[in-house]
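Okay, so subunit A shows up in both of these, paired with subunit B first and subunit C after.
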Partner chain A sequence: MDADRRGHPILFRGGAGVIRLENLGRSVDGAMHLEGIDLTLSPGINVLLGRTHAGKTSLLRVLAGLDRPTAGTVTQEGQDLTALPLSKRNVAFVYQQFVNYPAFSVRDNIAAPLRRKGLARDEIARRVADVARRARIEPLLDRLPAQLSGGQQQRLAIARALAKDAPLMLFDEPLVNLDYKLREGLREELRGLFHDGQTVVYATTEPEEALQMGGTTIVMHEGRVLQTGPAHSVYRNPASVTVAEIFSEPPMNVVAARAQDGRLTLGDLTLPLPDHAPAGLMGCRVGLQPHRISRSPGPIRLEGETLLAEVDGSSTFAHFRAGGQPWIARLDGVHSLPIGAPFTGFADPADLYFFAEDGTLLAPARGALHG
Partner chain B sequence: MTVIETRLATDTPARAAFPARRLACACVLGAYLIFQALPVYWIVRMSLMTPGNVMGRSDFLPVEPTFDNYRTIFTDPTWYMSFLNQLAYVCLNTAISLAVALPAAYAFSRYRFLGDKHVFFWLFTNRMAPPAVFLLPFFQLYSAVGLFDTPWAVALAHTLFVVPLAVWILEGFMSGIPREIDETALIDGYSLPRFFVTIFMPLIASGIGVTAFFCFMFSWIELLLARTLTSVDARPLVATMTRTASSSGMDWGLLAAAGVLTILPGVAVIWFVRNYIAKGFALGRV
Partner chain C sequence: MHKLEDNRAWLLVVPVFALVAFNAVIPLMTVVNYSLQDIFGPGQRVFIGVEWFREVLRDLTIQASFLRQVAFSALVLAIQIPLGIAIALLLPRVGWKSSLAIILIAIPLLVPFNVVGTIWQVYARPDIGFLGRGVNAIGIDYNYTASAVSAWITLLLMDTWHWTPLVILLAFAGLCSIPEPYYQAARIDGASRWAVFRHIELPKLRGVLTIAILLRFMDSFMIYTEPFVVTGGGPGSSTTFLSVRLVNMAVGQFDLGPAAAFSLIYFLVILLFSYVFYTILKMNEGEP
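Right, the complex of A and B next:
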């Protein structure tokens, strides 16, 4: 184990290696924040995906050493760091709020963690310049955080985290407070900012962010880990309805259905049973991702009236009622859909997911199996 | 005032159509200002006159103005030493109170500990009793430990009343600073003391300014404890002022000059922290 200049051991130096969480739990005043978390974090990007209160922040705080777990252990390469104090860890943490040191200039903000590490003056200057260039805040080095825009403030927070070159980088929804355009841009840049040995844990509520960041996706819900795997694989093969709902924006359409005599009945709709439906299917739940409903003709016809249309960034969420069921379609581009106007959406049976009554996946969409 | 008037005149023609209303406003404010400033002016006026004239004349402007009273104060050691004594214990009190209240307020603002709410409340119970209640114990105690008649006696006695207020004000300011800044600093390798001094204190500078102001002013104008806990060596100005009666009667001019000098440090403190106070009243818990 390495030691810093005061002789304290520093973990995570060089690379975080494999961090293993075993049966990790945390409860505060009887309220369960995390429960039974078994997880292996490897170097690379790990995305914690879940809604608010899913336990993402709690997990990050435990990893950072800000909170102690009330059950279970955290080990790194076999070494127990469950109770290791904050000062002996080498981590970087970026909050969703823009957290900087208001009294320091941008330059001093980035340099602060390096000075604490006791690096030489010219080494600090070199690193600050390098990180500022990568985070694109070079022209702002002499300003105060309050003189920066929101996006720039978060870039600064990210720059300060990067400057430490910590093997474990924790991000708690860093882009959530930025506007849509800024978010898109910064998200793409973020991926390129890490190096190979680093273990990045990135919490987000947005499925798209998980897909864009790539790496391993860890789907969390109510303090538990529901599913872990490569982003696209989890996306295509959600283990349960809950995962499918979390990993879809807007949430996946899930409709109770019955299969009988080679036909599938969804409410008032009846269609031929798709080929990929599991054998011996009776009562089940059928899922259809909102972006798989389009307005160009397809085999399944969902005809009804618009309940509500909302524009989100560059797409439109159309809520409509068809066959006695509410549906959500995600249409590319901005569409004008007055409330009550007729709406016809089309879908492909190959895009249907089949879940058992209890929510576990029976068969993913056929498209998902291939590509 | 002028800014407001210009804006009223140019931006809102509807308002400008009612000069009578503006006039009324100006009159009320003016009357209030005079009401407030007159006693201050009167004491300045008295301080520039001889005792005979103070009692005999009631002209608005000083009669036969002279700086003799001030000269007496600045040359007579009883007077100027008592001025310095008072300044000494006031500054001591402010420094001690801040040094104690800053960590205490941080603890109340950031940590949850057994009985934190009760202790926070209990701090205030000290303020529920008038200072006179504590006179006897202080007098006895300080006499016993040899602190009687030193600036420390008064400074320490005053902290009893000032620290709760200081903790309360500072806690309000500190709770307005997101905890994430503390955590980020700890993650970045700051020790708690270093974080507190280099990062945290600049953030609550307004709060510290406001608190210092309250500490200073309480101590500066407090008479009872200051007078009782001192006799000769550490006698403060306020006490000396109450002892100006002599065989020739009260020296009103001298008393007025001492009064003016008592006002000055307060004015200076307010001048220095005026921006902080404005901010402090707006943001914090004052």
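Right, the complex of A and C next:
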């Protein structure tokens, strides 16, 4: 299907197959952008989750062939792609910015990559119609990109990528410049837009996006891969404090703690040692997901005062101080919490994560093991 | 529904009206006065309607100047816009080389008009000028005081030297504002250099080029100082552009009535041309 009339070798025919990155590194003028990346990308959705400057974009650029790695190899079904020039790869790339050809109508924008491939006229028309329907921009086909809203412009960019039907589709935070509502809607649709053989690599900073997109989550930090696995399993069993912090919005509460004589001490708070705490525990760090702190009574009582409350989409992040520690709770809905007002949050000991002092996971929250 | 109005708000705009009246409307009305009356001396004047306008429009030398002016502006745009874009495309976009190039390129813009004229008047002289002597030395007959072609080439070269930097700066700023992903997307799509220019850079430059074309049109259509200094409108009347003709009429012959009518027509022509350019350039742009 992805025949090239100029006779370029056809890569990724049908699907991308398994792409393997081995000991991949890239440094620019002495600054490390990627380091020691060992990764296997299988067909399906692969989410690169990490904060800004975690190396997500660098990795996507290497996969696209825009940059060459300075160390390591990229292979696809055993074939070495490391040095393969851009023109011989078949990839689609969607950016944060809404990148479309400014002087082309929506129709011509979608058709542009197909015309490059030299497809027949009616085949192009058929694919444009199909993709426009899937991306829900059918009524806009004769408009220019500047006449579209931000969401529509990004739909067009996605449609152009889909039209290419590339086996490897790369997304670099495609929803970050859209408003909250549009983001939610488009995110849900995105998952259904790919076909089975396609390998999708989707970079995001948002944990929720990783969970919603599903598939494999690859957590990146400072140019390295920290953990890889199915989205929910990484979420429930973060390998370290860093992963837990990256995979939680707002970041997970992590508090230094001591276990002694069947009791757990967190700052000024003392509670019975939960059952799932690892045996022989002494000094450790305890983690609690912000959304696991609620205002309805529970066994752990965190009583203190509000430091700040911010509304994010449909939830409220309440920053408060309790037991000599700052905490963040994520409450559903919009709440009005004046600064300095008393705040009482409750938590369940089963929701506590135990990390060693060096940050590695000792025991996940008990609720995480099932359900 | 009755709405209570507070007319004191008008007081706040009075200074603006006063200023506009003082620096635009009153001087312009003086011109309008002159254009509609025949004035013999203090207190002696006759209202003659549009007679001066008729006279100016029928004047063959003014018609010739007009055609000359249109040709000059057309050549200026045809040379300077593509040249400016081409040079802007060749400039480095980042780093000290970029800054240095921009500074060097901007220098001609800082030279006063009459100094530009004087520089070129000397530079192009066939007897003592570096350019003039050089060109004649290699066997090309070049003398801007004797040949109309030489005079036009001199003025066009001078104007290009003086004003292409403006086009370069505008185009360069436009190019710098194109986000990097556009170029990446083009590379991934396998677009050629020409396709990148035609389908990404040129459409993205549309806004700044509209401004560049309008500015260059208006300036070149009103050119006065440089031809006045270099050729004085000659040889013959070959470089007598509209402004040169107008000044001759108003200051040289002191025909204030026809000169006033001429000024108003001149002003309306520039306004009309600029409006037409603007409309064409804005057409199909897609901005809501």
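Operating definition for what follows: the second predicted complex is superposed on the first by the 368 of 371 C-alpha atoms of A that agree within 3 Å, B and C clash if a C-alpha of one lies under 4 Å from a C-alpha of the other, contacts with A are read in each partner's own complex, and residues count from 1 in each chain.
One rule holds in what follows: contacts are C-beta pairs under 8 Å (C-beta built on N, C-alpha and C of every residue); 3 or more make two chains touch, one makes a residue touch a chain.
This structure is a prediction, so every number in the text was calculated from the model and none was measured.
Visitor: Putting subunit B and subunit C onto subunit A via the overlay, clash or fit?
Guide: By the criteria stated at the top, subunit C and subunit B clash after superposition.
Visitor: So, A:A146: does it touch subunit B (first), subunit C (second), both, or neither?
Guide: second
Visitor: Once the structures are superposed on A, label A:M32 by its partner contacts, choosing first (subunit B), second (subunit C), both or neither.
Guide: After superposition on chain A, A:M32 lies in contact with neither partner.
Visitor: After lining up the shared chain so the two structures overlap, which partner does A:Y101 touch, if you call subunit B first and subunit C second: first, second, both or neither?
Guide: both
Visitor: Which of the two partners, first being subunit B and second being subunit C, lies in contact with A:L193: first, second, both, or neither?
Guide: In the superposition, A:L193 touches no partner, neither subunit B nor subunit C.
Visitor: Would you sort A:F93 into first (subunit B), second (subunit C), both or neither based on which partner it touches?
Guide: A:F93: touches subunit B and subunit C.
Visitor: In the superposed arrangement, does A:L84 touch subunit B (first), subunit C (second), both or neither?
Guide: Touch status of A:L84: no partner.
Visitor: Go through subunit A and flag every residue that touches subunit B in one model and subunit C in the other.
Guide: Dual-contact residues (subunit A): 64, 66, 86-87, 91-93, 95, 97, 99, 101-104, 112-113, 116.
Visitor: Which subunit A residues qualify as touching subunit C in the complex?
Guide: So the residues of subunit A touching subunit C come out as 61, 64, 66, 86-87, 91-93, 95-97, 99, 101-104, 112-113, 116, 143-147.
Visitor: Inside the complex, what are the residues of subunit B that reach subunit A?
Guide: So the residues of subunit B in touch with subunit A come to 178, 180-181, 183-191, 199, 202-203.
Visitor: Show which residues of subunit A lie in contact with subunit B when the two form their complex.
Guide: Residues 64-66, 86-87, 89, 91-93, 95, 97, 99, 101-104, 112-113, 116-117, 160, 164 of subunit A touch subunit B in their complex.
Visitor: Touching subunit A in the complex: which residues of subunit C?
Guide: 179, 181-182, 184-185, 187-191, 199-200, 202-204, 284-288
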